[in-house]
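There are two complexes below, and they share chain A, which is joined by chain B in the first and by chain C in the second.
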Partner chain A sequence: MQWFACYLTTGKHMGFYVSFGTVLLLLAITAPTALAFGFAAAGAARSAIAPLRWIGKTYIAIVRGVPDIAFFLFFVIALDQAFEWMRHKVKCADWDQPIRQGNDFVVCAAAKLPLGNSPQWMHETYGFFLAVLTFSIVFGAFAGNVLFGAMRAVPHAQLETAAAYGMSRRQVFWRILVPQMWVFALPGLSNLWMVLIKATPLLFLLGVEDIVYWARELGGAKTPRFTDYPHDDWRMWYFLALLIFYLAFTRVSEVVLTRLMTRLTHGQATTGGEAQRKAAT
Partner chain B sequence: MSCWETIADYGLRSLGIGERLLPREGFTLCQQVTLIGSGMLWNIYFGICALVTGFGLATAVAMGKASNNRVLRKLSEWFIFIFRGSPLFIQFFFAYFLFLSLKQATGMFAAFSSAWAGALVVLFLNTAAYSGEIFYGALLSVPKGDIEAADAYGMSGWPRFRRIVWPTMLRLAWPAYTNEAIFLFHATTLVFFSGFPALQQKGDALYYASYFADKTFNPFIPYPILAGYFILLTLVIVGIFGLINRHLNRHLPQDARPKLRVRPNLLR
Partner chain C sequence: MKSLILGTAALALSASVAFAASHSVVRLGTEGAYPPYNFINDAGEVDGFERVLGDELCKRAELTCEWVTNDWDSIIPNLVSGNYDAIIAGMSITPEREEVVAFTQNYTPPSPSSYVGATADVDIDNGVIAAQTGTIQAAHIANTGATLLEFPNPDEIVAAVVSGEADAGLADKDFLIPAVEESGGAMVFVGEDIPLGGGIGMAFRQSDPELREKFDAAIQSMKDDGTLNKMIAEYLGEDSPAF
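Let's turn to the complex of A and B:
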């Protein structure tokens, strides 16, 4: 027992516990960013300006029909290269060699991201930043789809009434449409939140040292030659722990979101609101 | 080397037939299209097998969750909760290492530590849980009048289920089930990234796409090819499920038939 407690508190295990924080941090940053992306996309898809509308609709549509994991793998390299290419254009304007030389992607040393001489934590932070951006782009498209649907669900007569009162398009959007759409968007958004939680292990594929990485690393069989805490292949148990962690997390989210939904439907002219009214009387 | 030769060499590479070595340099577009297409065979295999086997279990789970028997109900609820509440990616990892230790312990599970059987089991259970929940929802919305009419005709038990409840349940669940099917095919891309080894580089479409992206540092060619294949596959699935949908709804008047609407596919 003593041995086991010591085993679970080795320095490497601290890395494992910290990586749970990484996952929560990713969720905390990605959720609002993706919502903002989605909001912008849904707003653009409703815009009166045709090119803006096309951009919004294409962005929302493109993530359908293709496995998301392909997007994750694609965006991480694509974004990295896009950033380096832009810095290359700005910083090394007199560079005359082509950037794609055969199978290599070559930019000048000053344009490298992060710079070759920067410390290790910069590299890790940059990797994490790319992962967050990738998650935000993909989930932003999903959120955009949900919000676009929610905006269409707001009764059209109300928008017309607002226009009849002399509100401009902008005022109708911000004062009538946006405050009312949330109750329609919430079921979709809470589903999205669940999906986002369940997508976090994919961080591993993006090269971030997350819980999956540590579970594989720590669980693997260790011989007494290299460590004070030798053991057999325990990866199964580590992944069982992760499975339980995610089950608990989704369960808690489910309970919280159900409560939130009950509160938001209160007094709304929807089936849910009507059911609440009937139950109360 | 002409494109036909490449197709002859690499067309069935994902099954281990044809040229052994993957291309190492001077990648042509033809090679990428052929190899990624060859990998699609695995995605289709996993998808179809899991869908067909999962369908039966999903019906059973839905019936279990709706049953009056407490034990059956709890069992089905927990099954659905465990597989829907955790990431498929972690399920793959856990199953792989579970099969690996079982293999060392008994030797009976040797086949399950390779992708074709082990990943299939996970996908089968996973899709059974997701479609079980869909079927359960549909089971609850079978019109009361239909059941009463069946009772009035003297039907009960198995005949009533087979001839009244089950067809109506399927009919109601079909649009959602179509999405689940698309979803499942997309989920098959996770298999070779989650522990299950691609022996002799026999992998699925995404495995080859990421192989090319890693070798060429150019994600702008392999991933759009992969996307193209999957959009094609999605269209085929929607087409087939649309035909079945028409068959299920053939007794309804024309304007009362529900249209298949494809909703966005989220990963699990």
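Let's turn to the complex of A and C:
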């Protein structure tokens, strides 16, 4: 008992506990950002302006088509290099060496992101920010597709009626389309949310130490030479803890999403909304 | 003439200032999952042979160093992309890797790799052999008649051998010695040791020769005064080959 109390409070385990917070924080930031990306993409994809429409549709099609893991391995480094390249062009205009030297990507010291001599937490925060951005871009494309479908599911007659009452395109979009589309989008979005929860182990590919990394690291068999707390292969128990965490989290999400669905259905011209109306009378 | 000299001096000065600025902190990338070379200790910090070695090298080269852990799979891409300045992660010097990165001289002699199995009579020529992805051992198995079973980190090789998922595993002997000793007979060495690779070295970007030379000189000084051999004996075991 004493042994376990000490074992579970080592610095390594603290890292494990903190990583739960990292994952939750990532989800809390990524979900709204991805939704914003998706909303913009869906809006662009049904825009009346052709170039905007092409951009929206291309973004949705390309990102959905590329395998996640390839995207994560390639994209984070590409994104990082793109930022540094831009800073390099601005800050070190008189730099005369090539940026690509063989396999190497070399920018001037002032353009490094974060600066080479900044403390480790800055590097970690930056890595986390890149992770959020990458997740948002990937999941934004899926959300965009869901929202695009949801926008088309809103009865067209309603939009025409609104136009007939003299509303502008913008007014029709914001006052008629957007409030009504959520009920059609929610099932698809809730699926995405569940997938996003389970996609967080990809974080370690981005250098962010997440719960799966720590579970693997802590659970692996430890010999007395390298630790004060030797044990056998305990990965099963650590992953069991993760399983419970993920299941609990999924359950909570389901409850919240069901409530949200009930609220959104209220007063809608759908079978769900109709059922609510009948039950109330 | 005078202005030329001044100009050259100014250029040299600005170059050295730029160098100092870009390397005021040298970031050392490691895997943190390869005892005794590098691992995460109970306090959650990088520890092991390479931690001690790296800190000593930085002291000798008069550099401030910082440790960073990175997944083995993406350890080279992140180096060439500039996310850290050096790899010190039990990485053997091989011609394939030298095409992408620049190595210092080796800081361990070419060390043997060994097979481990549940019993001494497993078939290492035709069986299923576990190794870590992207290592010289994995490349070696691919060239034999055996079936290669790849794992992202070395702990899982040991787990796969113990559980019977793989007939045998192939890894650096220095990594396997403690694992076999502590397994309580669940795992034994199989067959002869095989020498692979050209020893372990630190890897740098090819565009960064100044920094590589500093570490190269520091490694040379540790070889010359015998501290490296002492360190190898202390952390990798008395039987591990020394210089």
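Here is the rule we use: the second predicted complex is superposed on the first by the 272 of 281 C-alpha atoms of A that agree within 3 Å, B and C clash if a C-alpha of one lies under 4 Å from a C-alpha of the other, contacts with A are read in each partner's own complex, and residues count from 1 in each chain.
We take it that contacts are C-beta pairs under 8 Å (C-beta built on N, C-alpha and C of every residue); 3 or more make two chains touch, one makes a residue touch a chain.
From a predicted model like this one, the values you see are computed outputs, not experimental measurements.
K.L.:
Put the two structures on top of each other at chain A: do chain B and chain C fit, or clash?
P.N.:
Clash: chain B and chain C overlap once superposed on chain A.
K.L.:
Can A:274 be said to touch chain B (first), chain C (second), both, or neither?
P.N.:
neither
K.L.:
Counting only touches as set out at the top, which of chain B and chain C does A:160 meet: first, second, both, neither?
P.N.:
Touch partners of A:160: none, neither chain B nor chain C.
K.L.:
By the touch definition at the top of the document, which applies to A:242: first (chain B), second (chain C), both, or neither?
P.N.:
first
K.L.:
Is A:142 in contact with chain B, with chain C, with both, or with neither (first, second, both, neither)?
P.N.:
Only chain B is touched by A:142; chain C is not.
K.L.:
Return first, second, both or neither, reflecting whether A:15 touches chain B, chain C, both chains, or no partner chain.
P.N.:
second
K.L.:
In the overlaid three-chain picture, which partner chain does A:233 touch, first (chain B) or second (chain C), both, or neither?
P.N.:
both
K.L.:
Thinking of the overlay built on chain A, is A:217 touched by chain B (first), by chain C (second), by both, or by neither?
P.N.:
Once the two structures are laid over each other on A, A:217 reaches chain C alone.
K.L.:
Where on chain A do the contacts from chain B and from chain C line up?
P.N.:
Looking at chain A, the two contact sets intersect at 73, 77, 81, 103-105, 204-205, 216, 233, 235.
K.L.:
List the residues on chain B that touch chain A in their complex, please.
P.N.:
Going by the criterion above, the answer is residues 25, 27, 81-82, 85-91, 93-94, 97-98, 100-101, 182, 186-187, 189-190, 193, 206, 209-210, 213, 215-220, 223, 226-227, 230-231, 234, 262, 264-268.
K.L.:
Hey, which residues of chain A end up touching chain C in the complex?
P.N.:
10-12, 14-15, 73, 77, 80-81, 84, 101-110, 112, 116-118, 120, 123, 204-205, 207, 209, 216-217, 220-221, 223-230, 233, 235
K.L.:
Can you tell me which positions in chain C touch chain A when the two form their complex?
P.N.:
My answer: residues 18, 21-25, 27, 32-33, 35-36, 39-45, 47-48, 66, 68-71, 73-74, 77-78, 80-83, 85, 100-101, 153, 155-156, 158-159, 162, 178-179, 181-182, 205-208.
K.L.:
Note which residues of chain A are touching chain B in the complex, please.
P.N.:
63-70, 73-74, 77-78, 81, 100, 103-105, 142, 145, 191-192, 195, 197-202, 204-205, 212, 215-216, 219, 233, 235-236, 239-240, 242-243, 246-247, 250-251
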